[in-house]
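Pasting the structures here.
You will see two complexes here that share subunit A, one where it goes with subunit B and one where it goes with subunit C.
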Partner chain A sequence: MSRMLKSREALLALAILVLIGLIATRFPEFVAPSNLANVFNDTAPLIILALAQMVVILTKCIDLSIAATLALCGMVAAMLDVAGVPMVVILPVAMALGACLGAVNGLLVWKLNIPPIVVTLGTMTIYRGIIFLISGGKWINDQQMSPLFKSLPRADILGLPVLSWCAIAVVAIFAVLVGRTALGRSFFAVGGNAHAAVYTGINVGRTQFAAFVLSGTLAGLVGYLWVARYAVAYVDIASGFELDVVAACVIGGISIAGGVGSVGGALLGALFLGVIKNALPVIGISPFWQMAISGTAIILAIAVNATEGRSRGRVILKSAEHVA
Partner chain B sequence: MSNFKKLLVSAALATAMFANGANAAPKRIAIVVKALGIGFFDAVDKGAEEAAKQLGDVQIIYTGPTKTTAEGQIEVVNALIAQKVDAIAISANDKDALVPVLKKAMERGITVISFDSGVAPAGREMQLNASSTELIGKMLIKMAADSMPKGGEVAVLSASATATNQNAWIEAMKKSMAAYPNIKLDEVAYGDDMADKSYREAQALMQKYPNLKAIIAPTTVGIQAAAQAVEDAKMVGKINVTGLGLPSEMAGHVHSGASQGFAIWNPIDLGYAATMIADELAAKKAVAKPGAVLDMGRMGKVTLDANNEGAMADPFFYDAKNVDQFAKIF
Partner chain C sequence: MSGASVAKGRHLPNSLTSPAARMVKSWESLLLVVVVVIFIVNSFASPYFLDPWNLSDATYNFTEKLMIAFAMAPLIIAGEIDLSVASIMALASTAMGYAVTQGAGTPELVGVGVTVGLLCGVFNAVLVTGIGLPSIVVTIGTMSLFRGISYIVLGDKAYTGYPAGFAYFGQGYVWYVFSFELILVALLAVAFGVLLHRTNFGRAVYAIGNNATAALFSGIRVGRVKFILFLLTGVMSGVASVCLTSRLGSTRPSIALGTELEVVTMVVLGGVNILGGSGTIPGVVLAALVMGLVTFGFGLLNVPGIVMSIFIGLLLIGVIALPRLWAQFRARRG
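Entry: the complex of A and B
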């Protein structure tokens, strides 16, 4: 029992439940199942991107261009829709474009050995710039989008919108990918100890490249979902969202130093932020305080994580332990 | 000899043509906008052309930089000075940066006025505002009130909590609310002009205030996000989203019924009025000074305040009847 409580995921889940309980004392309707489903739906993009960011961070990289990729893919999806391209083409194109944008990041990191934070800081601006170029700074508005384009993320399946199901599907895929495949293990190996990974035959650069491509693909998917959900596409959509995504990862116990993290952690980290984001407006807190409160919650969560959930290195040589 | 004759004839002809040209030369009024390719300003140009047609002897030069920078506008104004235009009406990218070059223009006898986004008083003869804070505040609450004859609860969804324009409009709206005793303002929420945050705030407003009848969003991002949230929550018909928006961005939401109507200044009228005033000042039919009354043709008259500023009219109201027509323009 105490062991279970010690795990990051359990602690974070507990924190989320306490948080929801506290919110319920001020605004009881918040815990209504329909509202919690709404909160989950609202958090779905963050969940998907937190998982995408997780694999990148696991390999000791970071993808700051994730929100810009989202925005560019979303704009392209919207423009294709306006041009009359059918839905079955738009979604694959958006994801393929995201993969290409991710591949640009990955190649720069892999082949030119540029630090990922610098690469993605640059591409972040470039991708936003490209949106400006292709759109001419103009907005694409809801009456220009086709009804199918807008309604797909809202379509109801078994009581949940497709947007929520996308997040659930991505969580399931990542649980298998990260936990059960060679690629998944190599993400951890590359970030945990790159030299050791090389000796086991893992190509560090290629693994990081794969992580960036994966991240870009999901950003492409979310790009479409985002634009369709809010029924508007313009240069600045999701600006600053990359920081939410990184925050969700960090709250979820994914180490910025690489090699440590879990799908459950990223999911809960995203949910934690999602609950805060949705609760602050309804519990009547002054907007001047909201940002400070979000930030404090993030730091508190990380502090708890850092002290409670610090995983110790595995002891290899028992006899040497006391000497050192 | 014949050559000399030819020369004489052609010189005489040229002189005659030149003199003729000078007599019939139309007044050239330059409309300098923040940047080319913006629908709003293309509509301003339309209004200016309408005024030119009405005045008869006016030629409009519609110009501006390709990007919304003050440097770009300075170059454009310098070029206009070289062309010796009669008047410049400018919507400035920077209140102060353009003052020196516009002063230079005025020294060369060019009439300079600013419209929409103003220039500091030293750089222009007068500034034409599309509307005034008071008129906008009044319009905001009136649009909500018109949709709820029995009164009820309303909420405001603004941009950021520190946005100067929005805060001034909301203050003015609160003052005008005295005329509507049966309308209660529940809350002013802030969506920071981001689609996702505005959407979330609108959802929260609907949850918190089950009797909410209208959301007033005096920001183009907020009004769209609120309309989308109302549609998604299936509250169309129960909650009316109104405020300030652009027809091209709001047409869909007006037709869905989420918004029964909204307002924004009419750029066509603005271009028309600015041209009328520029023509009047350039022809020395009036002098821009505090208290002066300037004629704006079909838009009526404007009285200048102590800063030589004037407000054109109420924000223009758009609903299902006219939104499509304007959606094509801006």
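Entry: the complex of A and C
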């Protein structure tokens, strides 16, 4: 199985390289190191959120409220900054708020057994609505934000901005968390076979709760980074971004049925979308194409995932168990 | 989807209670009480509420969504879901707008709208039943794809200039205050009610939702039933798109954004089990009335739209959470 997953990631990495190569033949400036660094930096929020979404999907849940959580935390961070709160407080508060919003999702799934898609479809609109309530529908723009608040994600460390380093750090942490810790293994166990997980002493609901809290926390982090980078906060920031995040996961080979996926897959899935998004204006295609391309990529990716999963006979087992 | 729910058995209806008692205790009668209460509260809260023309206008809050909910309800009862309905509406509307620029008349426009809806439904159906992909992700994908095509075609522009006769579907009245949409939705309610509650097809839908494997072994063509349900959802989205486009008189790629949430909320509020297996068309109709009346009441009180969407979100979660909380509370006491 691991060989199959590895080959899938290799395939995706190859696809990204071919894509970059094809663009480079006509637009060599696209592959200049500085531009590739820009592409990575631009994709950093997607990478972080794809990893967050990955653990949720591993436990057989889905978090559609991730973009709304991002936006709400971003707005709160911006409002705190305008109120003169120092940066050392803003960032932890944004992440803690994200964790709380994730915990709300997690508790509804854990304690009340409500299907995650319904919970997060509901909280998605509720969190967006709360942004409107606290901001009164107003924008917080460039001039109102403090210089430190805006410059932190762009600050240069060893040639890369802090935003990029955040993504790299999250990838590193997740590689350890998912691959080397008991919690990481329990994400797979819960999604792979909930019954077996219970018999091995894993609390299914609590593991799903942990995944949602993790997802919310990272959404809170990205919320600050997003608002600070674009130097604007309003109700609709990152609207629809949850679809890109799910798309990155699905393209990265994370099975929506739970229990199958890898950090490398999510990373490559996000990079794949990031390269496409950044290449469109370079090769002269209207950015309006991006939504349809993401949609097509999602559908193709799940079709590929399904044919891979079928050979292992997972689908049959699942349907027999899941009738109840 | 939640793993822990696997362990618990489905609540089986107790056939020992009399049909009358069951009806009184049913979700539908609770909704009916809510509808009546909201109606009375609204008529006291605003002097404009009881005006027949105002009430007629209020029906536009739910007619188009209810059309889709009629098809979404059997789909969810059968254990699937379609999150792409709002995007189907956008694509159908864009196709109609394009048809106008090619000189299409009113009958052709209706044909184009419904056909595009049908094709989108078939596309979802093939992916779910033909290839066997999970409907949640497939329709998240097509949600992005269908609206994405609208964005490719339209970008930041809009189609206007629909022929005058086309306005009838969204703005016309059949008789007195009864709009075309209201009459259409009433006819569709009867049609879908009969389909779901009085035909073999309807029984098959419940059987699939309760136990797809058992349904398959009892000779129900599970794939075909689900195919038809996705197709119907597409067609109804097309019909709703015709009405909405006719009512607005213009098409933008962002048309009907977020409608899928309201449709799913309507269906779940109507007592349809989100995990499949139970629910009724009358319940969905009553849920539409609740949502329509509340939205209308908020509108009269000048509550902004986004606050209403918070309310819809709370309603969606609350409606599922409260009965479960109540059941847990009772289990702990007894």
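Simple rule for what comes next: the second predicted complex is superposed on the first by the 279 of 324 C-alpha atoms of A that agree within 3 Å, B and C clash if a C-alpha of one lies under 4 Å from a C-alpha of the other, contacts with A are read in each partner's own complex, and residues count from 1 in each chain.
Assume contacts are C-beta pairs under 8 Å (C-beta built on N, C-alpha and C of every residue); 3 or more make two chains touch, one makes a residue touch a chain.
A quick note: this is a predicted structure, and the numbers were derived from the prediction, not measured.
In the overlay built on the shared chain, the residue A:K277 is in contact with subunit B alone; subunit C does not reach it. With both structures placed on the common chain, the touch criterion links A:F288 to subunit B and to subunit C. Of the two partner chains placed by superposition, A:V31 touches none, neither subunit B nor subunit C. Once chain A of one complex is fitted onto chain A of the other, the partner contacts of A:I302 are limited to subunit C, with no touch recorded for subunit B. In the superposition on chain A, A:D42 makes contact with subunit B only, not with subunit C.
In the superposed pair of complexes, A:A155 makes contact with neither subunit B nor subunit C. For subunit A, the partner touching the most residues, choosing from subunit B and subunit C, is C. Once the two complexes are overlaid on chain A, the subunit A residues touched by subunit B in the first and by subunit C in the second are 137, 288.
Partner subunit B is touched in their complex by these residues of subunit A: 27, 29, 35, 38, 42, 136-139, 141-144, 154, 226, 230-232, 236-239, 241, 277-278, 281-282, 284, 287-288.
Touching subunit A in their complex are the following residues of subunit C: 1-10, 81, 127, 131-134, 136-138, 140-149, 151-152, 154-156, 211-214, 253, 258, 261, 264-265, 268, 274-275, 304, 306-307, 309-310, 312-314, 316-317, 320-321, 324-325, 328.
Looking at the complex, you find that subunit A touches subunit C at residues 59-62, 108-110, 112-119, 121-126, 128-130, 132-133, 137, 190-191, 194-195, 197-198, 204-205, 208, 235, 243, 246-247, 250, 256-258, 286, 288-296, 298-299, 302-303, 306, 310, 315, 319-324.
Across the complex, subunit B meets subunit A through its residues 37-39, 161, 187, 189-190, 194-196, 199-201, 203-205, 207-208, 224-225, 228, 232, 248-253, 255, 327.
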